[in-house]
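Both of the next two complexes hold chain A, though its partner changes from chain B to chain C.
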Partner chain A sequence: MSVIEFEDVRHRMPNGVVALDSVSLKVGRGEVVAVVGGNGAGKTTLLKHMNGLLKPSSGRVTVFGKETKEESIARLSRRVGLVFQNSDHQIFSESAKEEVMFGLKNFGIPPGEAEEKAGRALEYYGLADLAARPPLTLSGGEKKRLCIAAVMAWEPDVLVLDEPTVGQDYPSRSRLFGVVQGLASSNRTVVIVSHDLEFLWPLSPRTVVMSKGRVVADGPAREVFMRTEMLRDAGLREPQLLQLSRRFGREEPFTAVDQAAAWLTERGRAN
Partner chain B sequence: MAHVMAEGFKFRYLKTPVHGLDPRVKLLMTAMLFALALLSSNLYQEALVFAAVGVPAALARSLKRLLRIAALSLTFSLMIFAVNMLFGQPLLESAVITIRFLGIVAATSVFFVTTSPDEIEYVMRWFRLPRDFVFAFATSIRFVPVLMMDLTQIIDAQRSRGLEMDRGNPVRRIRNLIPVLIPLIVNALVRSGELAEAMEARGYGAVSRPTSMHALLMKKNDYAALLVLVPAWSLLITYFLGLL
Partner chain C sequence: MGKIVEFLDYTFEYSGMERPAVEGVSFSVEEGEVAVLAGASGSGKSTILRSINGLIPHMYPGRRSGKVTVDGADVSSTPTYELARKVGFLFQNPENQIFMFTVEKDVAFGLENLGYEPEVIRRKVDWALGLLGISDLAKRSPSELSDGQKQRVALAGSLVMDPKILVLDEPTSLLDPRTAQDVVSLVSRLNKDLGLTVVLVEHRLELVSPMADRMVVLSGSRVWAEGSPAEVLGREGLHEVGLSPPAIVEVQKRLPSGDGLALDVDGFVRRFLADVGHRV
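Presenting the complex of A and B:
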């Protein structure tokens, strides 16, 4: 069963820009889907249709079988949690704990239970020690995890992340990767928007490529990332490990630097 | 809603005879319209004010935008109307006062709809206003669209966290603004701090008399505009003042 379904969706902005054009897409339960594409491809616009922030100009978006036109944003957000790119556009509380409590209170979860859920979310995302800290004083990586925790706290069925790796340093990136991997292995439905193919490569999820408001490719990352021309037209570049594999004419691409290094050492020895 | 507002305030350069005028001429024209709007004292004169504002607005292909701005000030106008009625003004008087306010809003908007922040900056410099003041003013105007974009993104983020802005009683609704206003203000402060540093890094304030790339020059069409504006305005103002 698909949890989110786009049927021939078109979205026209008030200024006339067509940000989505003939988009058809199904996200199944427990699936991890990456949406990639260059700047202005329509990725964020696509995401905003998933919880009803935007409604299609024509076509249909259905979430858990209900058309988004007939549902409130709040009701949809209860099941589809969106985390936007810029953490500073949502942080406002006096403490990290309260930041997480905000959504829980909005969805009417009783105080005791909310408290408990918030505590659990902070713990899970490695923020337990920072619960009392004003969130504005946290680092970029901590803020990002706080924003994810603040959404995951109410346990939405689907998590949607918009460009989570932008502006994140190496340790935060790898923690973030751990988070996404954890969600994937626990059979959560995750939609992750990114133009950071390096980040996605080790995960190799189903990948949807967008360009100029259209879906131009949809399939396993292993296959989609091989289509160099198509990627370049969409403003993307294949991951370096893939380039390296190609350079050495490997059928099966490298998935990790260590693996590539071992293979190259072996090859050097053989020559 | 916030999006509509963002669009309404964003300056967009259009290639029209009005946009192309010297900003000083546009300022003079706006001042004239403003004076007319201020001095109008009956519905008939107010109709003339709207016609006088409408002509340059139509020439600037900006009637729709002007109407949108007027619509935004409508709530405020209705408040003026209600207050006037409460204090025992007759209906007609209250209507005249309210429409006069709308006329003033429309007249002032003509300038901002047709003049870019850059041009506003040149005019202020031409008036020899202090440089720091001119810079601060021009920058705050330039920042309005940026803040509006921030605002829409913040609203989207908080609505995705279950915030229902227009639900509940009036007290609740005001409290609903907190999660929106705090990030907006914090971002604005951070950004202005960054801007100050970037400006200093590029030598702002290094010399007391910096040179300027732009000089305001009156062209033929500017003189032509004055030739139409001044007599037409003189006629109207004499009539408005009851001297005709």
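Presenting the complex of A and C:
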């Protein structure tokens, strides 16, 4: 069954710009889907349709079989948790713990249970020691994890991340990578909107490419990323490991640094 | 040539904070260089940039010791309007520095404030728009432009002031990879054609390390490394100081040692094949 389904969706902004055009897309339960594309391709507009923040001008978006036009944003958000690109737009509580408690209380979860869930989420995302800290004093990476923890605390069925790696340093990127990997292996449904192909490539998820409001490619990363021209037209660049694979005429591309290094070492010896 | 930016045992602590944002920092940038400032979030990069254009100490109060010199002038005793002529600044988000109703008015803003003749202003604005390939946008409203175009408008607004140094704070982090590459190539061209010294903060090292002459890495408020990008990225412990080195650098570090480090895929492949061929 699909968890989220777009059927021939068109979205016209108030200024007349068509941000989504003829978009059809199904996200299945337990799938990890990357939505990639250049600035202005319609990625964020697409994502805002997933929890009803935006409604289609024509066509249908259904979430767990219900059309978003007929559902409240609150009910949809309970099942589809959205983490925005800019953490500061999402954070407003006095402490990290209260930030996580906020959503839980809003969804009517009893205080005792909310407390327990919040504690677990903070622990899982490595924020337990920072529970009492005002969120605005946290680093960029800590804020990002706090936003994810706050959403994951109410256990939505789907997690949607908008450009999670923008401005994140190495420790934060690698933790984020671990978080996404963990969600993927525990069969959670995750949608990641990103133009960071270097980050996505080692995960090699199903990849949807958007350009000018349309879906121009949809398939396994290894197939989609091979279409160099299409990627370039969509404002993207091949990840370095893929460039390297191509230069050595590899049919099976390298997806990890160790794998590339081992092959090159072997090749160096053979000569 | 000579040192155009110089930090000498420089320490700055923002008022109300418990520890310095940068401590005992010494490094310099030669005239005409592209220098990349890297390091984890909170390592002091923004403080360094603000200390070059004089926002520190003139706008941010705090405790300061040591010295920062920009184009021969001691920043602490040079008024910001004078520094503004030497140092052009580009923020991460161009929205924060674009505020007029048309592109040409926005680009002219700084010059108008300095009281230049309208004719001079027009000439300079036309020159900058032409240089950045956005002459056709002159009459447009900045709000209708794409992110990459906005970044160019903000850059034009800096260039009309005829700065010697361009300081860029994560200029590409909001841009998609192709637009980011365009901005980086443009900055590289301005460096070569106009001889502008460039100091930039950037996380995407695969994008900027091939064009940089110097890399300064900050960690825990101090300088952790300084040198050419190949020297610095060749060091151990990059992850620990918050850096994500380009994948091609990571690959080379796992290979039996070679000479130096190639900073892009083409450079590496050329070197690898030459090396392998040499041994046959």
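Going forward, the second predicted complex is superposed on the first by the 271 of 271 C-alpha atoms of A that agree within 3 Å, B and C clash if a C-alpha of one lies under 4 Å from a C-alpha of the other, contacts with A are read in each partner's own complex, and residues count from 1 in each chain.
Definition applied: a residue touches a chain if its C-beta (ideal position, glycine included) is under 8 Å from a C-beta of that chain, and two chains touch if they have at least 3 such contacts.
Keep in mind that what you see is a predicted model, and the values were worked out from it rather than measured.
Partners chain B and chain C, once the complexes are superposed on chain A, run into each other and clash. Residue contacts after overlaying the shared chain place A:244 against chain C, while chain B stays out of touching range. By the touch criterion defined above, A:78 reaches chain B but does not reach chain C.
Of the two partner chains placed by superposition, only chain C is touched by A:265; chain B is not.
In the superposition on chain A, A:51 makes contact with chain B only, not with chain C. Applying the stated contact rule after C-alpha superposition, one finds that A:198 touches chain C and leaves chain B untouched. Residue contacts after overlaying the shared chain place A:166 against chain C, while chain B stays out of touching range.
Legend: residue contacts after superposition of the two complexes on their common chain; A:139 is shown touching chain C, with no touch to chain B.
By the touch criterion stated above, A:91 is placed in contact with chain B alone, chain C being left untouched.
Judged by the number of chain A residues each one touches, C leads among chain B and chain C. With chain A used to align the two structures, chain C clashes with chain B at 206-214, while the other stretches in 62-70, 152-160, 170-178 or 206-214 stay clear. Those residues of chain A whose C-beta lies close enough to touch chain C in the complex are 37-41, 139-141, 166-174, 195, 197-198, 232, 235-237, 239-241, 243-244, 247-248, 257-258, 260-262, 264-265, 267-268, 271. Within the complex formed with chain B, the residues of chain A that make contact are 14-15, 48, 51, 53, 72-74, 77-78, 81-82, 84, 86, 88-92, 102-103, 106-107, 136, 150-151, 154.
For chain B in complex with chain A, the residues that touch the partner chain are 3-4, 7, 150, 153-154, 156-164, 178-179, 182-183, 186-187, 190. Taken together, the chain C residues at the contact with chain A in this complex read 39-42, 92, 146-148, 170, 173-179, 181, 203, 206, 238-239, 242-244, 246-248, 250-251, 254-256, 265-266, 268-269, 272, 275-277, 279-280.
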